[in-house]
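Next come two complexes, and both contain subunit A; in the first it sits with subunit B, in the second with subunit C.
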Partner chain A sequence: MTTQATSINLTSHDDVVRVEDLKVNFYTQLGVVNALNGVSFNIPRGRVLGIVGESGCGKSITGLSIMQLVVAAGRTEAGRIMFREFAGQEPPINILEYGKNSPEMRKIRGNNISMIFQEPMSSLNPCYTVGNQIEEAILLHQTDDKSEASKRAVEVLTKVGMPNPDRIAASFPHELSGGMRQRAMIAMALSCNPTLLIADEPTTALDVTTEAQILDLMRGLQSEIGTSIMFITHNMGVVAQMCDEVAVMYMGRVVERATVDDIFYEPRHPYTISLLQSIPRLGRSKGRLSSIEGSVPDPYSTTPGCSFHPRCPVAIKGLCDTIVPEETIVDAAKGHTVRCHLNS
Partner chain B sequence: MAVDAAKLPNTAHATEDVGTIPQWKLMVRRFRKSKLSVSGLILLIILYTLMLLSDFIAPYQHNRIDSNYAWAPPSQLGFANGKVVTYALKQTLDEVRFEWIYAPDLENPIPVEFFVQGYPYKFLGIIPSSLHLFGVPEGSQINLIGADKDGKDVFSRLLKGSQISLTLGFVGVLISVIIGSIVGTASGYFGGPIDNIIQRLIELLRSFPDIPLFLGLAAALPMGVPVEVRFFLITIIIAMIGWTGLAREVRAKVMAFRASDYTSAAIAAGGSHWHVITRHLIPNAMSHIIVVGTLAIPGAIGSETALSFLGLGILPPAVSWGVMLRDAQTIEAITNYPWMLLPVGVLIISVLSFYLLGDGIRDAVDPYA
Partner chain C sequence: MTTDDMLLEVRGLKKHFPIRTGLMRRVTGMVKAVDGINFHIRKGETLGLVGESGCGKSTAGRAILRLHEPTAGEVIFNDPVLGKIDVTQADRETMMKLRPNMQIIFQDPFTSLNPRLTVGQIVGEPLEIQHRARGTELSDRVAELLKEVGIRPENMTRYPHAFSGGQRQRIGIARALALNPSLIICDEPVSALDVSIQAQVLNLLDELQAKYGMAYLFIGHDLSVIEHISDRVAVMYVGYIVEMAKTDKLYFSPKHPYTEALLNAIPKADPRLRTRPVRLQGDVPSPANPPSGCYFHPRCRYAKDICSVERPPLTDIGDEHFVACHFARELSLTGVQALSDITLEMPKPRSL
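For the complex of A and B:
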């Protein structure tokens, strides 16, 4: 397996999570959907990895797989997710070996790996105060002492820059704005000092001003606490602001993996290049904005060869439409890899 | 300036409280807007107070027989010497219809005395007492709303009957709410085959016609058991049939909440099934459960009355409103002794009050319904 060989060569032992050849299928009444077709990537400790791609490319499923929260219809067919709670932990834990609802898995969730969801409006239970919900995770994992938990809830609310944290802790979700709720969600996710934070498009539902504030906050907290972040988004602007490294996904595969600078200045995969070209830029108003030809194929069909070939402007006939390109190293030092025949 | 500085923290404190009216206060506000529901609640409070104090208010034991007063009409009340009085009854025999004809002996007033000693009872079931709200001297009788064929005081029976009729519905619904919530939550939360089995079971139970099912279950009850045991068993029967509707509604609610992001967030925070169900799903469904429960109580009261009316529920000498209606089912009672039908009136009032209360609660907890 070239895939595994490359990822082992490229990475040090200080990865928080290493996803290896992950395959997830969804069995629906309309047929089988290959949501993930062998996803491999690593999240280095203390860094922010951006996962970028169009809707339906498997970004969220990858995040949910790490948490083992994929719905019942989705089945993990192959692959490993190796998790190291602390640097140099040997052997690493394969998360997929735990049962979905096993006590071990529940201990990892929220405690070692936590998650922020897209919709801050509906992610908080309307029945309880914000403080109460932050305490919940602390009580589940860290302490049994209620007064200790509520003290820590206020502490963590202060940490996420909430004005008047005591009052916020005592208020109900409907009394807070979207930005404040997302701050509360971040506070909740960070309440147990997780090793890894999975943020699934945490700013999509917010306006740009609030988005900038939330990203600022996450970046600041990340450098302060050192938590690794897996940042799922479809917004290249957010990637540029937020991430250290980027994995570009298309149709359930990571097609390119590089540092954030390399993705923006030396993209290798035609899909990455097209994605970057389709971002509107200030001051360049002449001509139509270029877009990627065609649309994402029907999820129930399988595309032979490179899954991007039907939309690829530089596809090679007879090669790209028959053989799946392997992951190849562009720059071993920076960990730049790409899955494209043009680069092999 | 010094005064201003001292005032400042106060103002800051005052602004902090703005917009933080707790949810339940908002509910109370919305509830109070509906006059009908408030009157329903007041009526129920009165009914239940009367029920709790029934032994104190009732002048006679519910099964005290006095054949001298068979079918006695309601006692006439009046004032004499600044005291409330009632009158002794003159009995004459109607020789054609062979019936007693009663007429108040207006020359012979009997003073009604308040806070008198009467039959012994246990106040609220605990404190032994024999004090009664009112009574007349030994040898005469007061039947505020008449007497039945054995001369039993209908007023006392009505009060005593409320003890069974009003609590049985309540307890029955409580049990069915508990069963319904547990089964409905399990069905909605776990889904798949568990949901399928539970839903088919509910359909099976619901496909039985109610009355024959009641009859079948009631007929299976042992006859020789004490009143309390029979009461309990009938409660169980009512609950067994009542939980299905609630279970379905709870299931629908739980399914919606299960798909919500805060449930995912709770699972992502490492919560177990039990934790998610008890912390997130049931509290959210609670307002709905309370409303459905409140609206189910009148049905359960009706079921008890129907069972007792058919002679399969509460059995004499115990008394419930259904038992009293059983005594009133002859044409004779309806034409000659209309006071025997009074339980119907009380039953309608209590059932209506529960419906009004339930409607009010529903509007209060969910302003969009």
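For the complex of A and C:
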């Protein structure tokens, strides 16, 4: 597995997905919510990109946008999502040019890009067996032969470490435990050998021992198959263990983007630093935790300037509260960028 | 061990829920959610109760307060006025007198506050029920309590929906604090909160304890949070306490294989520490149909023949370190390795 931070060129042509200035608004009865205010990042091929942030920062919406699964109230106002199925593909496909229900999008969704959700119980259909649900994706994208599909379904269940894949394939979701269901979800997502796997908080609903099993499984499969993974989470421990690179999000913007080592050892954005300081660290966690003052602002309001300035301990009056900081390069070789006036 | 500073002693506490099936709703089995647990809490200390979902930790907390009627066992509470009383045997009138001293904070700040009451009414309700204050005295006291937990008293007339998750949890804390209890059961009070808010609430709980000296029974599943807040920690597995010790002891030199597995499963917040220790296989057994002998033996890599036959009792192996394992004295297990201390500094503010 590529855990060592190798140098990444900022203008790499081998990004699986490059999200450029994505803006998504939600039009609700209470007003407009600016869910994404210009999100840009890239997912290098064969690597694991972690998207971290607190609830409401837009990390799930970013994942759903790539899949074009954002609910009707959400409208993409601007931006591009460039997807390269294989290395060096020119020109890349702009996913957003396809309609949500277009045949092209249906061909990509679940086949080239697939997704795992947080709550395995509500994302599996209770009326079909696990095997049926995996076969559905295979029949849709890969083969028309039903017996071949069911054979492959059992194969992929074996791959995700199910103890008795034939029996599991014939089981309904309610017959499985939480960890087993999440394994079934992963099996389903991997059934068509996707180029990109979007994992939206896949272990949040699980207990630590089960979480550890699932993370081990995902790491193992990633190094075996080489799928690129976009790993959405709020748990810094999971980020440290799973990801090669990290994008930290706050209020619908990527505020810092760096290798996982830099995020933990040389963070630049005050939000990243505060976030790391506020987690109780195992083995040395006595005394007062440093916390971030206040809470995430109301989504219906808009904050002028840097969206973190009301909570930032080092905000500059007259600058941070008026001008939105641009993305600046901290270390081009490692692809470390930050959106903060203090670093520009 | 002196018993004077003992606040709560739980002995053999059990809570079984019947499983009813069929047309006649006959009892066909028992979910042994809490199956004979023993522990004590001293005045002013924090005992962390940790375990995976379904291990019975919340049920234990509720059974102590008789929010679930216990099936068996004793809960001896040392009331400042009434002295030592078995809560499980107390009649209605005695319970009324005991309740002010034992309060609870719930996990979900969205469902534990009545949406039809204002914040002032929510926090003032315990004071009214116990006839502690009324009129302006009541509203003064409520304002004071809200200030204590970091909510502006002007917000007293607002309803819970107007507050964020962290603020609601503060309101829940103010309500628990209203009657000056000597014990607060904190049932996963920070699990539903974001990390930055979680730190605020943990700090608040620490400060309040330092100021008022109440004891906490802190129920949780996040081992780093439990380590941070607790003086001693008890680990539960399928309705049974498998290990209980002072926090540092339990984390750095665990004696039960389950504690070891649990500690090793935590994803460490340091990318330079990527180890893949031996993982626990399989799932937590159902408390309705637990395995024979030691409940942990099917998943335990140290299990021997005796483990599937005989259930080990919780025994003191010295210095208040209690372990329920046949081989507690023989096994050498690995605990937590302290993470390297990464000191992060904020960028220096500069002037324009």
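Going forward, the second predicted complex is superposed on the first by the 333 of 344 C-alpha atoms of A that agree within 3 Å, B and C clash if a C-alpha of one lies under 4 Å from a C-alpha of the other, contacts with A are read in each partner's own complex, and residues count from 1 in each chain.
In this text, a contact is a pair of C-beta atoms (placed from the backbone, for glycine too) under 8 Å apart; a residue touches a chain by one contact, two chains touch by 3 or more.
Worth saying up front: this structure is predicted, and the values here are computed from it rather than measured.
With subunit A as the common reference, the superposed partners subunit B and subunit C fit together side by side.
Our angle of interest has its tip at the CA centre of subunit A and reaches the CA centres of subunit B and subunit C; in the overlay it is 80°, to the nearest 10.
When the two structures are aligned on the shared chain, A:Ser123 is found in touch with subunit B, with no touch to subunit C.
Of the two partner chains placed by superposition, only subunit B is touched by A:Met115; subunit C is not. Applying the stated contact rule after C-alpha superposition, one finds that A:Arg106 touches subunit B and leaves subunit C untouched.
In the superposition on chain A, contact is made by A:Arg268 with subunit C only, not with subunit B.
Contact with subunit C, but none with subunit B, is seen for A:Ser295 once the two complexes are overlaid on the shared chain.
Using the contact criterion defined above for the overlaid structures, shared-chain residue A:Thr204 touches neither subunit B nor subunit C, since it reaches no partner.
In the superposition on chain A, A:Glu175 makes contact with subunit B only, not with subunit C.
Looking at the superposed arrangement, the partner reaching more residues of subunit A, out of subunit B and subunit C, is C.
In the superposition on chain A, A:Asn193 makes contact with neither subunit B nor subunit C. Contacts of A:Gly283 after superposition: subunit C is touched, whereas subunit B is not reached. Taking the two complexes aligned on chain A, the least Cα distance separating subunit B from subunit C is 6 Å.
On the side of subunit A, the complex with subunit B involves touching residues 67, 69, 72, 101, 106-111, 114-115, 117-119, 122-128, 136-137, 140-141, 164, 167, 170-172, 175, 185, 188. Those residues of subunit C that touch subunit A in the complex are listed here as 52-53, 164, 166-167, 194-200, 202-203, 206, 221, 223-225, 227-228, 251-252, 261-262, 264-274, 276, 279-281, 283-284, 336-339, 341-342, 344-352. Contact residues of subunit A toward subunit C in the complex are 3, 54-55, 177, 179-180, 207-213, 215-216, 234-243, 260-261, 263-265, 267-268, 270, 273-286, 288-292, 295-296, 313-316, 318-319, 340, 342-343. On subunit B, the positions that touch subunit A within their shared complex are 16, 19-20, 23, 192, 260-262, 264-273, 275, 279-280, 283-284.
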